[in-house]
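Right after this note come the structures.
In the two assemblies presented below, chain A is common to both, partnered first by chain B and then by chain C.
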Partner chain A sequence: MINIEIDGKLIETGRGSTIMDAARKAGIHIPHFCYHKKLSISANCRMCLIEVEKAPKPLPACATPAAEGMKVHTHSALAVKAQQGVMEFLLINHPLDCPICDQGGECQLQDVAMGYGATASRYNEEKRIVMHKEIGALISTKEMSRCIQCTRCVRFGQEIAGMMELGMAFRGEHAEIMSFVNSSVDSELSGNMIDLCPVGALTSKPFRYTARNWELSRRKSVSPHDGLGSNLAVQVKNNKVMRVTPIENEAINECWISDKDRFSYEGLNSPERLTKPMIKQDGKWLEVEWQAALEYVANGLRQIANGAGAEQIAALATPHSTLEELYLLQKLVRGIGSGNVDFRLRQSDFSSDGKQQGAPWLGMPVAEINSRDRLLIVGSFLRKDHPLLAQRVRQAVKSGAQANIVHSSDDELLMPVANNAIVAPDNLVNMLAQILKALAAEKQAKPDASVQGIEAGSVATAIAKSLASGERAAVLLGNFAQQHPQAAQLAALAERIAALCGAKFGFLGEAANSVGGYLAAAVPFGGSVQGMNAAKMLAIPRKVYLLLNVEPELDMQNPQQAMTAMHAADMVVALSAYKHHASEYADVLLPIAPFTETSGTFVNTEGLAQSFKGAVKPLGEARPAWKVLRVLGNLMNLAGFDYDSSEAVRDEVLGGVDIAQRLNNTLQSVSIPNPQSSILSGLQRVANVPVYSADAVVRRAVSLQKTHDAATPCVTLHSSELKKLGVQPGDTVKVSQDNASVNLTVQADDRQPAGTARVAAGQAATSGLGAMFGTITVERT
Partner chain B sequence: MLSEQIQAQINRELKKYPADQKQSAVMAALRFVQDEKGWIPTDDMADVAAYLGMPKMAVYEVATFYHMYNLKPMGKHTLTVCTNLSCTLCGAGDTVAYLESRLGIGFGEVTADGKYGLREGECMGACKDAPLLTVNNKKLCGKLSKEKIDQILAELDQS
Partner chain C sequence: MQMIKNFFKTFLLLELLKGMSVTGRYMFKRHITVEYPDERTPQSFRFRGLHAQRRYANGEERCIGCKLCEAVCPALAIKIEIAEREDGTRRTTQYDIDLTKCIFCGFCEESCPVDAIVETRVFEYHGEKRGDLYYTKPMLLANGDKHEEQIAKDRAADAKYR
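The block that comes next holds the complex of A and B.
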């Protein structure tokens, strides 16, 4: 530690820190534009010039290392003169169109100009004009003339997002921020550039000109999308969500949010919103009062329970539902006498149910990912499924960690990967077994009995060597591994690998409440009544389905089977915020509130319960689902449904519970039958859930749906498979699975292993197909 | 795709730098492209980026930063006339006017037959020979007069 003096204040600061760091620590404000605590130092705006005693001229605070005994003046005559001079230069080419600028009122340049700018400009000549460029559906560059060339957006791309999409082209007064010749900005974190831009040069396309910053009230909320639980500021005007920005939380989302978190609010205001309860009578949909709709549902449930039996009732919920909703749903269903309740809709292997010692979780706090030095990530479309966790892994790799990947698709991770084991889905278990074997050899431990007969290949050995050489390793299972038909074996092997190298072992939570669902007991095991899991409920069709936020053709592991079950059911009750396909097979549609219109709790992937309040009133007659379920409980005369707030429900679930005690990744007695390679013949499906198709809200976010990530799915094959079929990339082919087929465009990608066909799930175009895993055929049309 | 010749030239250049810092060769690579094509199409910038394992935008930044990279076709022979102080004092204005009348084009333009392009240049560091021009950034021609320019153009016409 060294001591310096800023404005007469003695400050202790770390060796190697800059004057800016020290000043911020002491709460002394130094004006700046290009400096950002999460980005590298560029010192090109010169706004932070300050006086340092014995230095011959003003120095930039952001780039000057603090030295012992340094005396700094941030407001001396010299410093202020320098700052005013810089301000005058910055404003020379700035249009000063604040009254029509979207950034007006939240603009750093505006604020600093108030403090350091003159009242009038001495510059009377022509200002330069920068033509706008089209860089995609999310960010507007219409007013690039406002840019002050701080390069924050460029550095964000290089350092945080991992891809340099914006850059500064040309030179001197011709310098312009732009993308490579009309290419769009496709990063899944791109929206953060809007926040970073200290002026109004990069603005939010969906939000532009819809509200002024001072008209908006900011309500705290939590992201309902991925498992991270990013903290959000939902900004509201006239009871309508106008935009979403991050709330800084260093332990969770730092100061970023993904584009999915930022722009999916458009889906909340979608014209597809369901605003009135509806009942189907004689094939026609009628709008009815809540009372009538709920009584209809209660009667239906009672009749089935008394007639065919309570076990004919099944409830499915998405893991994007709140803890309270999930808890009340299972309480309702169990109250009726059925244990058929599940939220793990895309899972296919449930053999670890009851063997897992607690709720599967990340195995460590989110922030600890940055400090890992060895990572083994199994079966994860990391960047698209967990944009900000991927960012943390990227930072870890940047500080020297080795990332090892085992997956069925070699997707670009925008970071150096130490070892890449890309194998077909049915070889994943074998690959992990090889790694376990090699690691045992590396550690001179006795290999696990289940991998005795396995021969470790060169990649597996390299991964084992990498893991063994680290001190702080982590083994993480992604969505793909958790949805895999041998998920339990994958988890058991990964756990043993982690145990051997002293690594943290965790599951990357697929959705906002992937951990919360277990705590709420919205699973068919462990509760007072046992029942069927999500897959079984569809395989053995039930007479009644209660759907909470679920769109079966998009949210389920096997949409084909799900739709068959829905169509065959006697009664389907869809609790949904949207009018969707349910109108074809459902009997009752109950409008429920999305996350901005209800209070609730999400338990994120590290087991942190975060409660939030509604930001706006429910649209139309939509009601929070916890209230709907409570009234249903009352109508069914079930005991214990007298909650007066969602907090009361939450306290019943979590009150007095130490969540940490409930989290446990340990698997007991999962057998690993001699892991063979290549079990299946023919092409195997590799299904990702595209980032903007993962949940109901984001599917209706129009701007996100215009991005490259939301493009209509195609079938991607290794080029050798294309040759075998005799088709060219871009041709239309017939893709069939389980007696159904769809026509898709075919693309070649050698990052895909031979013998696999990548066909996305969660998309309307592929919802006619079967399970996310298994064999699939591709033929010429 | 970069031609085999350019790839060979880049490979030779790459030997000068550490293996993990291939992007050091970007300026040379762009020069090779320009030598072959007379200018640098954006497709070739993307190819250079892929070849050197760097972002396309980073290549574009370099290509647009330096004056001597042509971002559009500048004719078979690009004449760059220095108009900085020494040259102007020694009559660069006359040189430019004469070239413009001989070729029928102004700065930044190309003759209709695609043979000549004219560019305004900065100091070439040879003021003792002012006024100056360069041919394709390679050949320096000094002490320009009308006769000298006629002679240079006659030689270029032949080639």
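The block that comes next holds the complex of A and C.
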């Protein structure tokens, strides 16, 4: 620790910290533009010039290391003159278009100019003009003349997003921020550049010219998308969500949010929103009152329960539902006498049900990922499924960690990967077994009985060596591994690997409430009444389906089977925020409120329960789903359905419960039958859920749907497979699975393991196909 | 003594004469009464009357929808909605001034960076029913078109003081 004096205040600061750090710690404001606490120091804006005694010239506070006994003046005549001078230079080329600038009112340049600038400029010459660039559907660069070349966006791309998509070209007065020729900014974190930009050069395209920031009221909320539970500031005007920005929470999302969190609000204002309860009568949809709709549902449920039996009732919910909704859904269904309730819609292997000792979670706090030194990430489209967790992994790798990947798709992770084991889906178990075997050898431990006959290959040995050499390792299972048909075996092997190298073992939660669903007991096991899991409910069709914001053709592991079951059912009740394909097979549509219009709780992947309040009133006659389910409970004359608030529901679920006690990744007695390599013949499907197709809200976010990540799916094959088929990349091929086929464009990617075909799920174009795993055929058309 | 004075005052009508002399004096002085509407008082070029929205000489509306007037209005009389026009410029889709709320403080024209919203010299306007004094964008633009000459003159006269 060293002592320095800033403006007469004695401050103790760490060795190696800068004057800016010390001043921030002491609450002394030094004006700045290019400095950002999460980015590297570039010291190019010169706004933070301050006077240091005995230094001949003013020094930049952000780049000057604090030294023992330093005396700093931030407001001395010299400092103020330097700051004013810099401000004047910065304003030479900055257009005076604050009135039409979306940044106006929240602009750092505007604020600092008010505080440190002169009243008028001495510069009368023409200002420079920078032509605008087209860099995609999310960021508007219409006014690049406003740029002050702080390079925060460039450094963000390089350091946080992992990909330098914007750079500074040319020099001096000709310096411009631009993307590579004709390329757009496609990072899944790109929206943060809008927040970082201290002026109005990079602004939000969807928000452009729709409101001024002083008109917006900021309401706290929690992201309903990925498992991280980012803290959001939902900004509202006239009862409409106008934009979403991050709320800083160092333990969860730091000061970032992913583009999915930021721009999916457009889906909330979608014209597809369902605003009135509807009942289908004689094939025609009628708008009805809530009372009528709910009574219709209650009667239907009662009839089936009394006639065909309660076990004919099945309930499916998305893991993006709140804890309260999931809890009340299972309480309702169990109250009727059925245990068929599940939220794990894309899971295919349920054999660990009951063997898992608690809710599967990350195995550690999110912030701990940064300090891991060895990582084994199994089956995860990490960057797209968990953009901010990927960012944390990237930071860990940057500070020396080794990332090892076992997956069926070699997607660019934008970080150096130590070892990459890319194998076909049916080889994943074998690969993990090899790693376990090699690790046992490395640790000189007795190998697990299940991997006795396995021969560890070179990649597996390298991964084992990497894991064994670390001190703080982590083994993480991604969405792909959890959706895998041998998910239980993968988890068991991963757990054993973690145990052997003393690593943390965790699951990357797919959705906002992947952990909460277990706590709410919205699973067929563990509750008072046992029942069927999500896959079984569809494989053995039920008579009644209750869908809580589920779009079966997009959200399920096997959309084809799901749709067959829906069409065959006697009654399908869709609680949905949107009018979607449910109108084809459902009998009742109940409009429910998305996350901004309801209060609720999400339990994120580290087991942190975050409650939020509604930011706006429900649209039209939509109602929070917990209220709908509560009234349904009343109409069914079930006991314990008299909650006054969602908080009451939450307290019933979580009150007096130590969530940490309920989280447990330990698997007991999962057998690993001799994990052979290559079981399946023919092409195997590798299905990712594209980042902007993952849930109902984001699917309707117009701008996100214009990005590259939302492009129409194609089928990606190894070029040797293309040769076998005799087609060229870009040709249309016929892709068939389970007696259904679609025509897709074919692409070659040699990083895809041979024998696999990557066909995305969760998109309309591929929703006719079968399960996300299994064999698939690709033919010439 | 006082009693004698009062006695003479009573029947000599001195007060009346005094009063009448004032009346008589004013009878021959120049009248200051303005016979509105035939005559009018002079107006300052800063007169704050009916609002108007101006256009540029090429017919383009001046307002860029910055909403500063809406923000500054102490009576909350202004309501603005904005959107991007097809040509990419920022324009208002709705610009309403509720003149029954307006207190004619002139802050709106003071805050306007492009001199779009102005208060004209017009003060003779009325509404016959509720809502007549709720001025919408076309009405304000029509006002501007009608009085542009005077408005421009007034701005020019005021320019050196701004």
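One rule holds in what follows: the second predicted complex is superposed on the first by the 781 of 781 C-alpha atoms of A that agree within 3 Å, B and C clash if a C-alpha of one lies under 4 Å from a C-alpha of the other, contacts with A are read in each partner's own complex, and residues count from 1 in each chain.
Criterion: contacts are C-beta pairs under 8 Å (C-beta built on N, C-alpha and C of every residue); 3 or more make two chains touch, one makes a residue touch a chain.
Quick caveat: nothing in here was measured; it's all calculated off a predicted structure.
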With both structures lined up on chain A, is it a clash or a fit for chain B and chain C? fit
Taking CA centres after the superposition, what's the angle at chain A between the directions to chain B and chain C, given in steps of 10 degrees? 80
Should A:M163 be classified as contacting the first partner (chain B), the second (chain C), both, or neither? first
First, second, both or neither for A:Y123, with chain B first and chain C second: neither
Touch test for A:V181: chain B only (first), chain C only (second), both, or neither? first
State whether A:R171 touches chain B only (first), chain C only (second), both chains, or neither. first
Once both structures are overlaid on their shared chain, how near does any Cα of chain B get to a Cα of chain C? Whole angstrom is fine. 28
Which positions of chain C touch chain A when the two form their complex? 64-68, 71, 82-84, 88-90, 113-114
Residue numbers of chain A touching chain B in their complex, please. 158, 163-171, 179-181, 183
Touching chain A in the complex, chain B uses residues 42, 45-46, 55-58, 60-61, 64-65
Can you tell me which positions in chain A touch chain C when the two form their complex? 98-100, 104, 142, 208-212, 214-215
